[in-house]
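Two complexes are shown next, each including subunit A; its partner changes from subunit B in the first to subunit C in the second.
Let's turn to the complex of A and B:
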C-alpha cells in the first residue's frame, strides 16, 4: 500500500537535461521494431476495448445501464449523501497527513541520529509499521485495544493507524531525500562554520524537502486510498457512505462506479500536482 | 601566524594521508600548497579550521592550539573558499554571503550593507544580489564564494582549489583579481592547488608536496625555479622539460625573450628585467 511513496526524484545534475538522461538507456527502435510496437499496441488496444465492450454488454443485458439507475446520482439528496462521505474522506486524509508527515520527518532524523539507541529504536519502529498491513493496525484499534479497555472514537480508530503507517513510510521518503542532498553541501556547511543542527536546518532540510515534495504528494494519494478502510470501523468516509447507499438502493454497480470515479478524479489531480512540481524542480536544477 | 608541528594524519584502516609535516605560515603571507592528488594538501589545509583533526602533532594559530578551540567558532573566524563554490543553492547570493556574519550576531542590515560592499570588491554587479547560484556563471559563483569567505572579515583565508572548476580565461581573471585583493587586504592565505603555474602566480611562498604530505621543497617561486631541490621538483615545475627556460633573441634591435617552444614571452627592458 505504500509502493508509490518509495520513489524520490533523482537530483538532476546541472546541464544533464532530463531528456538527455533518458535517451542514454533507450535505443531508438528501427523500422522492424517500430512495426512490432505498432502491432502490439493495436492488438492490446483491441483486447482492452473488447473486454470493456463485453463488460458493458453484460451490464446492458442485466439492465444495469438503465438510465433510471444512473440519473438518481444527480439528485440533491444522493449527492449530499456521497458529499458527506467525501468530506469525511478529505478530513481523515488531511488530519492524517498533517500529523504523519512531520512525524515521518522526525522518525527519519531519529533513524539517522548519531545516538545508536535512538537510531535503532526508530529503525525498528519504521520497519514494523512499514511491513504490517494497515488493516491489521485498524483491527488492533477496533478489536484488540478495546479488549484491554482502551477505546477511541471512530474517527481516531481510522486516523491513528493511518498516521502510524504513513509516518513510517514517509520517514523513508525523507531519509532518501536527506541522503540525496549533495555531499558537498554537508562539507560546505561545515566549512563556513555551521554546527550540525544549523547545517541540518538551514542547508540540508530545505533542499531535502524540496527534493521529496513530489513523493510526499504521492504519499497523500496513498493516504487517501487507505482512508477507505474506514468501512472497517464504520466511519462515514466516501466508501462507507457508498456501501450504506448500496444497502438502501441496491444499485451496487452504479454506486461503486460513481465512488471510484470520485477517487480517481481526486487522485488524478493530486498526481498532476506532483508531476508539475517535479518538472518545475528539474527545470530549476538544470538552470545552471 | 599559522604553525604546523610534526603533524600526522592516519585514517582507520592504515592509510597515511600525512606522515610528518611541519610548516610555519607568516601573517599576511600567501602560502600555496601544491601537489598531485594524494599529496595530503587538502587534508593539511583542513587541519587549520579543524575540518580534519591530526592523529598526532599540533596546529596552532597565533600560538593557540586549534585543538583547544571550538570547531564551529573557529570555522566562523576563518574564511573558506572551496572548489565549485559550495554555495547554498536554495539561498540568494546576498543570503549566501550574509549567512556567517548573521550567525556571528551581526545585525541583518549591517551584514547586508557589508555584503553589497564585498560584492563590489570581488567584481559582482549589485543586480546579482537577489539571484540564485544556479542563475550565475561559474566565474560569478566563484566570486560569490570569495565574497562569502571574506564576509566575516577573517584574518585567515583558506582556499581549496578555488579556481579549479572554471575555464582557463575566467581562471586567469580570478587569479589576477585575487592578487589585487590581497594587495589591499593582506590576509594570511593558505591556498591549495595542483596547478604549479597558479601556485607560482598566487604564492608569496610555495610548498611542493610529495605523496604523504612530505615537503619536497619550500621557497619563493624564484628560489624554486632557480634551484629545484631534486628531480621530483624539477619535473613538477617543468624545469626538466625545459619548459621554464627562456632565452633572449635579438629582433629589430630589441631583446625579445623567447620560451623553449620558440614563443615570444616578452621584451627585455633597459633595466635587464623581463616584462611579460
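Let's turn to the complex of A and C:
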C-alpha cells in the first residue's frame, strides 16, 4: 500500500467519508512520477509567475505601479476616508442581518405552517425574492416608489432591499435546518406531552438554530456583498466611498483594488469561520 | 401595455443581452471551474496553490466590485474591452470559483473505494477522474450547479451598473421615461424568474435522466441550503 492511501483512515472510521475521493486520485509517486510532478511543478510555476509578471508589466507600462499612487493608502486621512466607508458597510450589514434573520425564521415557520393560505403566500414571497436580483428591488426603492411620492432615506433604500432578499434566502436555510432535526426529537417531544408549538420552541428550534449557524454566517457574507449596491443608491458604504475617492484622487485602479481587497479579507475570514464550524459539527455528528 | 408595445425591439435586445450574459458567463465558468477543480485535486503543488488562491479571491470578492474593477480598471492598464465582454468576464471569473468548489465537493461524495478500484486497474490521475470519479460525481453536482446558474442569472443584473443594456437597465430606463414602474418590474421580474425556474427545471430533468434507475426525484434546491462547502454566492 502506498503512502498516499496510508494517510487515509480506513473507511470504517467516520472521517474517511468526509475526506472523500480527492485523497486517492493518485498513487504516492515513484521516482519517475516524482520527476514528472517536479517537471510539471516547475513548468506550471513558471507559467503562473509569467502571467503574474505580465500583469504587473502592463500595470507598470501604464504607470499604475507608480509608488505615489499607492503610498497614499497609508496616509491617515485616506485610511479614515475608507474606514468611514467600511463603518457604513458594517452598519448596513449588521442592521440588515438583525432584521432579516428573525424575519427569515418567521417566513420559514409560515411556509411550514398548517394553514395552507399562510403557507402558500409565504412560499410565493420567498421564491419571488430568491429569484429576482436585489438590484431590481433597489431600483424599486430608488426609482419606482418616489414616483408615487414614497421616499426613504438612502440608508433604508439600501437596507430594505437587503432585508427583503436576505430574509427570503435565510427562510430556506431555516426550513432546511428545521427539517434536518432528527424525527426522533419530534417524537420524544410528543412523548413527554409537549404540543406542536411547545415542541417547536423548546426542542426543535434550539437544535435547528445550531444546525444553521454556518449557513447564517455565509448569509452574512452575502449581505456584505449585497451592501456594495450602496454604489447604486449613493449610500456611504465602502464601495461608494471608493467611487467618491476615485472622483477626487483619480487613482481608479488603486482605490478599487484596495476596496476589493478589504471585502475579500473580511469575507475570507467569515467563510473560514463558517467552514470550520461546519466541519466541527459534522465531525461531532459522525462521532456519535 | 403601450410602453411595452412601443419598445419591443429595445426590450427584446435587453432580454437577449441578459440571456447572452448568463449563458456565456455560466458556460465559460463551467469549463474554467472544472479545470480549476482538477488543478485543486492534482498532485502538482503550484497548480493546487494557484487554484486555491483563485477560489479564495473570486468567491469572496463582491461581484459588483469585480465588475467595476474589470470595466473601469482594465482600460487604465491598457486593456479595452466592450462593456458586454467585461460583464461576461466578471460573471465567468466569479461563477468559476463556485463551480470549482462544487465540483470538488462532488468529487468528495464519490466513495473512496471507487477511486482505489480505478487506480488498482491501472488508471492514472486523469483516467480515474475522467472514467470513474467525475461521471459519478456529476450526479451529486447537478443541484449545486443549478444554484450557481441561478446565481449567474441574478448576477447578470449587476452588469447594468457597468452600462450593459441588459433587461434591468432597459426596464429602468423605460421606467424613468414612462413612469410605468409596476409594468416594467413585472417584465424584468418575469425574465429573471423564468430563467431561474427554467434552469432549475432543466437541472431536475438532467438529474432524473442520470440517476440510477432513471427515477427518484432529486433533492429540491432548498435541501442544499445547509451546504456551506462552496461559500456564499451573491
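Rule of thumb we're sticking to: the second predicted complex is superposed on the first by the 234 of 288 C-alpha atoms of A that agree within 3 Å, B and C clash if a C-alpha of one lies under 4 Å from a C-alpha of the other, contacts with A are read in each partner's own complex, and residues count from 1 in each chain.
Operating definition for what follows: a contact is a pair of C-beta atoms (placed from the backbone, for glycine too) under 8 Å apart; a residue touches a chain by one contact, two chains touch by 3 or more.
What you are looking at is a predicted structure, and each value in this text was computed from that prediction instead of being measured.
Student: If we overlay the two complexes on their shared chain A, which of subunit B and subunit C does A:188 touch? Say first, second, both or neither.
Tutor: first
Student: Could you say whether A:153 touches subunit B, subunit C, both of them, or neither, answering first, second, both or neither?
Tutor: A:153 sits against neither subunit B nor subunit C.
Student: Does the superposition put A:37 against subunit B (first), subunit C (second), both, or neither?
Tutor: A:37: touches subunit C, not subunit B.
Student: Classify the contacts of A:212 with the two partner chains as first (subunit B alone), second (subunit C alone), both, or neither.
Tutor: The answer is second: A:212 touches subunit C but not subunit B.
Student: Report for A:203: first if it touches subunit B alone, second if subunit C alone, otherwise both or neither.
Tutor: It touches subunit B, and subunit C stays clear.
Student: Please determine whether it is subunit B or subunit C that touches the greater number of subunit A residues.
Tutor: Larger number of subunit A residues touched: C.
Student: Have a look at where A:102 lands relative to subunit B and subunit C in the superposition and call it first, second, both or neither.
Tutor: A:102 contacts neither subunit B nor subunit C.
Student: Should A:50 be classified as contacting the first partner (subunit B), the second (subunit C), both, or neither?
Tutor: Touch status of A:50: no partner.
Student: Shared contact residues on subunit A, subunit B side and subunit C side combined as an intersection?
Tutor: none
Student: Within their complex, state which residues of subunit A touch subunit B.
Tutor: Where subunit A meets subunit B, its residues are 14, 184-185, 187-195, 198, 202-203, 206-207, 210, 284-285, 287-288.
Student: Mind pulling up the subunit B residues that touch subunit A in the complex?
Tutor: That would be residues 49, 51, 72-77, 80, 82, 84, 86-90, 99-100, 103, 133-136, 148 of subunit B.
Student: Give every residue of subunit A touching subunit C within the complex, in rising order.
Tutor: Against subunit C, the touching part of subunit A is residues 5, 8, 11, 16-27, 29, 33, 37, 40-41, 44-45, 48, 58-59, 61-62, 64, 127-128, 131-136, 139-140, 143-145, 147-148, 172-173, 175-177, 179-180, 211-212, 214-215, 217-219, 221-222, 224-226, 228-229, 231-232, 239, 252-253, 256-257, 259-260, 263-264, 267-268, 271, 274-275, 278.
Student: Would you pull the subunit C residues touching subunit A in the complex into a rising list?
Tutor: 41-47, 50, 56-57, 59-66, 68-69, 72-73, 76-79, 104, 107-116, 119, 124-125, 128-129, 133, 137, 150, 154-158, 160-161, 168, 172, 175-176, 179, 181-182, 184-185, 188-189, 192-193, 196-197, 222-226, 228-229, 231-234
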